[in-house]
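To keep things simple, chains are lettered A, B and C as they appear, and every chain counts its residues starting from 1.
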Amino acid sequence: MSTFVLLTITGLGLGAMYFLIASGLSLIYGLMGVLNFAHGFFLTVGAYGTWWMELHLTGIGSIWLRYLIGAAFGLALGAAIAALVELVLIRPLYQRHIEQVLVTVGLAIAGTALVQAIWGGDQRAFVTPPWLNETTDVLGAKVPNDRWLEIAAAAVVFVLLQLFLRRTRYGLIIRAGVENRSMVQALGIDVRKAFTLVFAIGGVAAALAGALSNVYFGSVVPERGTSLLIFAFIVVVIGGLGSLGGSAAAAVVVGLAQQYANYYGSTGMGEIVVVLLLGVVLLVRPRGLAGAVAT
Amino acid sequence: MSRRAWELALPTGLVVLLAFVPKISADIPKLFNGPLNSPGTLQLLALCLLFGGVALTYDLLFGYTGLLSFGHAFYFAVGVYFTAIALTKWHWGFGPSLLFVAALGLVLPALIGAVSLRVGGIAFAMVTLAVAQVGAVLVIKNPRDWTGGEEAFGTDYAQLPDAFVGVLNTKNLYWLALVYAVAVFLIVRWAVESAPGRIWQAIRENEQRVEVLGLHPQRYKLMAFVLSSFLATAGGVVYLLLQTGPTPHVTSADFTLTLLIMVVLGGAGTKWGAMIGGVLYTYLNNRLGAIGDSSLVQGLPDVLRTPLSEPLFLLGTLFILIVFFAPGGITGLATHGRRPSSLRRMDAALRTERAEVTAPVQTTEEGA
Amino acid sequence: MNTAVAPAPTRPLLAVADLHVYLGESHVLQGVSFDVPEGGVTALLGRNGVGKTTTIRALLGLTSRRGTVSFDGVDISHAPTHRIVRRAIGYVPEDRDVFAGLTVAENLRLAARDAQPRYELVYDLFPRLRERARQRAGTLSGGEQQMLALGRALLNENRLLLVDEPTKGLAPLLVTEVARALDHIAELTTVLLVEQNLAVVRRIARDAVVLDQGRVVHSGDAAGLLADRDRVHRLLGVSGGGHA
């Protein structure tokens, strides 16, 4: 029983990170039709930004303060770089979807290589606030405390995004644009302004996932963005491209399935199960989970 | 000579020239580290030819049939790993191993393709990505210690024909790679110009029209998929022979993306584009490391030196520039870098797919 | 000195000259030219598939086009869609294109451009929209969606409305309602109306422009055209009916 509880909460923690990455991917694809392969790079930016800032603040204030400032820096960097990418690389290729995808591929490769060149390809240890390394007892299970942070962060982001989408004008534009971009233009609204915003939002969420992954894995490494990105893509497709709620639900399902299968099956089983799940969803309901609600 | 005759003569002449390379002991400084017929240079040239061929197998899917696959590496890896496993872990002979891998190279894509081709566009791309990921995971998982996990293991030389073993026989491997490249080129040419081949291109242009004509696009897509994957598996076998043993890198998504870059670099959906791209990319990937180590670059200030000494950074940046300024790749430069029709058609396909696949952004309650 | 200045000739609100549109390989519009005078309803007529919707979309820049389009004297031939619309042009598309995931009120809010959008006017004209304001537009009936699409275009003080087949697929009762609404709309603003239902056209249109084989083959007084049965049959195909 306690193992099950541990697996569940760990699975939710993993799902939380998937959601953070998937939310941006989903909105970007839903609104702009861009399959953003560079999203993993945004995560890496957030991860390294957090780590770098924390390192430079050594000795100043408490470890918590350093982590929070580091994370704030990482997030700001993620947002800035994402917005820059949209303006410089994506916008000029408007309506040329294949080129946009290809450009993000090039960026992903060049960006990760750059990070590797500067800081080396090896893992760098990440200094974590001690509480996050401790465990809390829940129904007999010793749950690592960082999981609470991840789940809380994802929940907060989910709520903030929903509020943004439902209560602001840009949110309204984005929701409409995901459905029918040209009609939004036909209402006199330049949807392209929302593009940069959506990219920036995606950048922040991915960077947050990066900052959290430093804690989850205890280290920073250049490939982390790419390896997590693949699962984020799967989550996005299972959940339904362009659907925030779908991404959230799918992230939970994928995170949990991965944990359970890896434990009750064997190592590696989790990834296989997730992929099979994707296959099943695509064959039975190509629109993804949220597709059911569309009509 | 007529144009047709030139079109035959030039490539044939090139192949003959390439065949003689192991006999030429000329030195080309800057371009190669040793004389042309030295094992090191021959190894590099063999890799270039090999990837020229493999890139072309990917172009068959992407540039000609318009299928965006992120999992092509999987079939290449099947060739690499299963040959190594059969030889080294199961102790089979060379012949039986080859037959086994050939069978896999036909059956696997037939089965996987039949399922994944039920969806198109982005969904298909995701499925291929996922399948490749399964392969990557299985390799790392190292079931029964067959795949060696994260570390490479050496292929059992005893099982290989003598002609392919040993540094002195690099020239044989070079010729093998040349044969592979030529074979792939001829097969793809023949396939593309055949009746099914024209239907592949029609599918890329407008799948609905093909369906309306009473042809089943599915069947033709599967044909292209199986042929392309089989040829990639064959390339995997050659690759294994060129290396000491298999490594997990060939199963990664990065590897497929590398193939994509090769194809776009050369020019998607053109006769020579993919091959040129494959050869050039492999060469650059190898040599750019040398440029990075050169005194010229080492002398630059840190800000410039660091990125410039990383080949992947240079290649990624080069790729971005190509996509921006010459989406038709190198062969496209001849047509003034206009957007090639292959990309234009794929775009239209992706856009209609998007309309079907996107769900409206769902909020949890009714808005105000 | 007494200089009597003759009134300047009234410039058409919308002037289209030599409009060409290619859809794929097909040369759909082959030099379409017509004017839409200010005030009243101009009907854009023609057989199915002749290119009426394409014309409307081309005017808005929703499809690439060649030719000259000027609105109130300003050249909008190459302007992007959102800029064209911001010149006070409203659009009611053939498929309504309301946003299914947004509520009725949100659909309207999205369309609001003016400082004082005319919500009351819209809700008064279409009381059912007021009732269903908080309902998701995807759950509305076809007729209600049409009203939403019309209301959306009425929200702002547009100088020109491009309305594409507003009665398509609607039951007779709803057709009457929509026609009634169009009556009212016509009093407020200039309308370019694509419509297959000739009874509706007869009721509200002042001028008519007929397309055939990619060109304008007739333009002039609507009533006169519709009275000529032979012409109607020849240019518009079999149906001369429909009811308003």
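In the analysis below, a contact is a pair of C-beta atoms (placed from the backbone, for glycine too) under 8 Å apart; a residue touches a chain by one contact, two chains touch by 3 or more.
Since this is a predicted model, take the numbers as computed values, not measurements.
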Margin query: Just to be sure I understand: the centre of a chain is the mean of its C-alpha atoms, right? Then which chain's centre is nearest the mean of all of them?
Written below: A
Next item on the list: Weigh A-C against A-B on C-beta contact pairs and write down the one with more.
Entry: A-B
Margin query: Nearest whole angstrom, what separates the Cα centre of chain B from the Cα centre of chain C?
Written below: 52
Notebook entry, point to check: Centre to centre, by mean C-alpha position, how many angstrom separate chain A and chain C?
Noted result: 44
Next item on the list: Report the inter-chain centroid distance for chain A and chain B in whole angstrom, where each centroid is the mean of the CA atoms.
Entry: 30
Checklist line | chain C, residues touching no fewer than two other chains | finding: 99-102, 106, 138
Notebook entry, point to check: Tell me, which residues of chain B touch at least two other chains?
Noted result: 360-363, 367-368
Next item on the list: Would you give the residues of chain A that are in contact with at least 2 other chains, written as numbers and ranges?
Entry: 175, 179, 294
Next item on the list: Could you please specify the touching residues of chain A with respect to chain B in the complex?
Entry: 27, 29-30, 33, 35, 37, 89, 92-93, 96-99, 102-103, 105-114, 116-118, 162, 165-167, 174-175, 178-179, 226, 230, 233-234, 237, 240-246, 266-268, 271-272, 274-275, 278-279, 282-283, 286-288, 290-291, 293-294
Note to self: Per the contact definition, I'd like the list of chain C residues that touch chain A in the complex.
What the structure shows: 60, 62, 80-82, 85-86, 91, 93, 97, 99-102, 106, 109-111, 113, 138, 152
Checklist line | Residues of chain B defined as touching chain A within the complex | finding: 115-116, 118-119, 122-123, 125-127, 129-131, 133-134, 137-138, 140-141, 253-254, 257, 260-261, 264, 306-307, 309-313, 315-317, 319-320, 323-324, 327, 339, 343, 346-347, 350-351, 354, 356-365, 367-368
Check: Considering the complex alone, what residue numbers of chain A touch chain C?
Finding: 172-173, 175-176, 179-180, 182-191, 294-295
